[in-house]
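Supplied in structure tokens, the structure appears directly below.
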């Protein structure tokens, strides 16, 4: 079996056993990127020093040094996460040449584990979007159908893993930006509990919603990455001190007795017929695995998108005020300071980003705080309470990740509202702060991936991963790969 | 800042206005004071707060607002804020949080300042002040609130041609500031100065801040308007915020100037607080006037909202009590102690206390040691302070220890040394870092025995018959001349004893 | 959309946000804004219990506070490295053409 067909945990085992060198491993993926990235545009930048780092790992291993638990594993990182000494662009012209003088905390942890960062992946600009069409560096194509979007904003990471240009990737999720692209690209994407993974070094979009998470083929690989990146960080005030247990143990524990809630409303209106069918099929699988399926209600779902599209733009409008041409960004020509601000931000930001800044600025402006941000934050409390209530009855909530499979490039760009509404199943988890995972179910009849979402109680990623893992033991949808030329040899 | 609107509606005739006297008006003053807290590191990151370092050498990803950087609040800044609040009799919040104040300026890296809007760490309090005009009568100035926020950087604008770029130094960004806002209770420029002086003294005493305006760790804006009696009504002039004040003296002078300017403007135009919005004027030290600053567009829309990168801080009752129990005695308490238990006049007590805790402790030790607080006060309040001033030393650096000083004063009290000789001894002690005994020996001070004294006086009388005659004919003061001569011949002669003996001999 | 006497125009919002938009962009942005605001205004209808506290996201468990310890700052040349314009000591920005004294 070629390397790219193997899961990360198997690759790591082989590296540890000396069956393959880090150099060969990295070279293998660099070759694939070389061949396939042009058509996919999954990577904004491929690391120039990856091979060198791999060689260093091999030498250290030879010298008998003890190495980190991911030693030699190539990993792709969404370009909204700071990696020092090379450009971190957030998919924007504004930061096209920004080279951070520091590593994000999760990058530090991955480097400590001796993982090898193979490149930075494409994304919607400043994480604002659901299709990766809003990138300054051009859209990413869905490896399953190159005329379709990979989802967003972590579209590059999703495409990269689906096309096996790297075994695993890191993304970020504010309203669904890990889970939705995972769903569109047929991979597994986890948004951890808010505060579970440090945001230090993640270029902020909406501070109270953003989380970094793993994007992999399987839940087991997701658990492997979580065991490295999760945990309290004193540099992030919103980081949780909640104990981090080993995410890998307990994956095999059977699901007998697990209570899974299904929200009837989510499987009715607006849902693509095929999605509905495949999700229902998946529910049967969980029943077979011993889980009890119950009906639950999440009445505030109807207000979730509105609350999200107030809170996120408000926070974003403030978070993006620092991009003013003074200290580290692109700077436009101007005669005086005010002109410099306005031209820099007019030219440096794309349309969607500007639109959301305008929306957020309006909603926070004099006299509107109570009507918008405060009101939305109260609705947010209600949404959280919905989940608290539901989790008294069930341990997990199951439903579709997205209403439809991947849409075509250009399909929604004229109608932002339509795009926003497609976030209906994912935004609530961000608003409530709970963890959620998307795993592939049977694809559509035209071969497009479909994702199933599981949501869990705060800090109970273990339960999510366990259920996802058992599901993946039982089904094979996560092993499917896009047709040639990306198909990997088994 | 709210000002009570007294009677805004009618605008009387100009001649009526001109009949009003300035002295009949009331000046209403409120102060907004920004105090830099004396922490080692900044409010949200570990960069140093040290003043005067090379531009942009004390910054990091957090305080320059780089993408992905996050703030974490400094424990000591919280503690110092609570200390300051307690010393100003403020209510301390049990739960406090931070908000973003959004605006664009090149020395504000994040495009927002992390400040506090609706849950400041310190609530209402007060500070009692005295001025020379109101000695003995404390005036209570109410504090509205004090909140903890981060400082911005510094912009250096090109004053000359206006085409040159401005230079930005971000060293100061992120330094912790406590913004203290008073109610408009201050009534004179002198009171404003007294308020600032006392505030500075208190914050020095409790090690919260140096409050040095020249170094920028205390900044002050003054809000000023007038209440003018006109017939049966009280008219209020529009409020003016005065900025760019670089010293306490500037605060005082700008208020005096502004009050006069507002009065004249009102006499001319009759505009009241209802007619015009709050104005901002800058103080110009060269011209000693305030000038209108052009209004910034959208200046008021800060779009405050809770900072999602920070969580609320809960302050326990026990924490507050612990800080309170460790709080040093405040200047007001020490002035009272010196006046009541050491019988100092309140002016003298103020002088000692205003010099800082070190001088107070020095005084107390000496006064207790020699058991004569009056003498201790005379010597410390005058000699020591003068010497410290001249040599630019602190009391901690003063070469004479409290014990040695006590020993010296005991000699003076016993009469072994007279005032003049005593001062000479002190000077020697300071100059050579020696004890009183060593100084006495070094100066060759010896007691003069009675025989020597007798022969000295006889000699003086012999050689100065003309003076003796003057004394005998009633000019008692002339004896001073003889005493002076006696000391020249023998510096160890005690003037008191010489005077007594001469008097006895002359009248005999 | 809540109607208040001082409802900002698209132009004013763009100014507040320091974003230059040309005529066409202003119009287009205005239309989109209106559309989205109409949509999110549905929250006005949301019935909330009177005493409901807002939820701002962070898990409100323990105070997040650090000790007053010094950390090494980023060396000046490194921190100025990304600056669009600098003289090696300061960030340089175009002048503000205003008559302020501060």
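Each chain carries a letter (A, B and C) given by its place in the written order, and its residues are counted from 1.
The criterion applied here is as follows: a residue touches a chain if its C-beta (ideal position, glycine included) is under 8 Å from a C-beta of that chain, and two chains touch if they have at least 3 such contacts.
A quick note: this is a predicted structure, and the numbers were derived from the prediction, not measured.
Chain closest to the overall centre, judged by the mean of its C-alpha atoms against the mean of all protein C-alpha atoms: C. Looking at A-B alongside A-C, one finds more C-beta pairs in contact between the chains of A-C. One finds 39 Å separating the Cα centroids of subunit B and subunit C.
With each centre defined as the average position of its C-alpha atoms, the distance from subunit A to subunit B rounds to 57 Å. Between the Cα centres of subunit A and subunit C there is a gap of 25 Å.
Contact of a single residue of subunit B with at least two other chains is seen at positions 61, 64, 72-73, 104, 106, 166, 168, 301, 303, 308, 310-311. Residues of subunit A in contact with two or more other chains: 98, 101-102, 207-208, 234, 237-238, 317, 321, 324, 326-328, 337, 341, 361, 365-366. Multi-chain contact residues of subunit C, defined as those touching 2 or more other chains: 16, 18, 56-58, 64, 66, 74, 79, 85, 91, 93-97. Per the touch definition, subunit B reaches subunit C in the complex via residues 39-41, 45-48, 54-61, 64, 72-78, 104, 106, 156-158, 162-170, 243-244, 282-284, 291, 293-294, 296-298, 301, 303, 306, 308, 310-314. Across the complex, subunit B is touched by residues 81-82, 88, 90, 95, 98, 100-102, 104, 199-204, 206-208, 234-238, 314-315, 317-318, 320-324, 326-328, 337, 341, 361, 364-366, 369, 373 of subunit A. Subunit A contributes residues 97-99, 101-102, 193-195, 207-209, 234, 237-242, 303, 306-307, 309-310, 317, 321, 324-331, 334-343, 345-347, 349, 354-355, 357-359, 361-362, 365-368, 371-372, 374-382, 384, 416-417, 420, 431, 433, 458 to its touches with subunit C in the complex. Within the complex formed with subunit A, the subunit B residues making contact are 61, 64-73, 100, 102, 104, 106, 109-112, 166, 168, 300-301, 303-305, 308-311.
Of all residues in subunit C, only 2, 4, 6, 8, 10, 13-14, 16-21, 29, 32-33, 35-37, 39-44, 46, 48, 52-59, 61-62, 64, 66, 74, 78-79, 81-85, 91, 93-97 touch subunit A in the complex they form.
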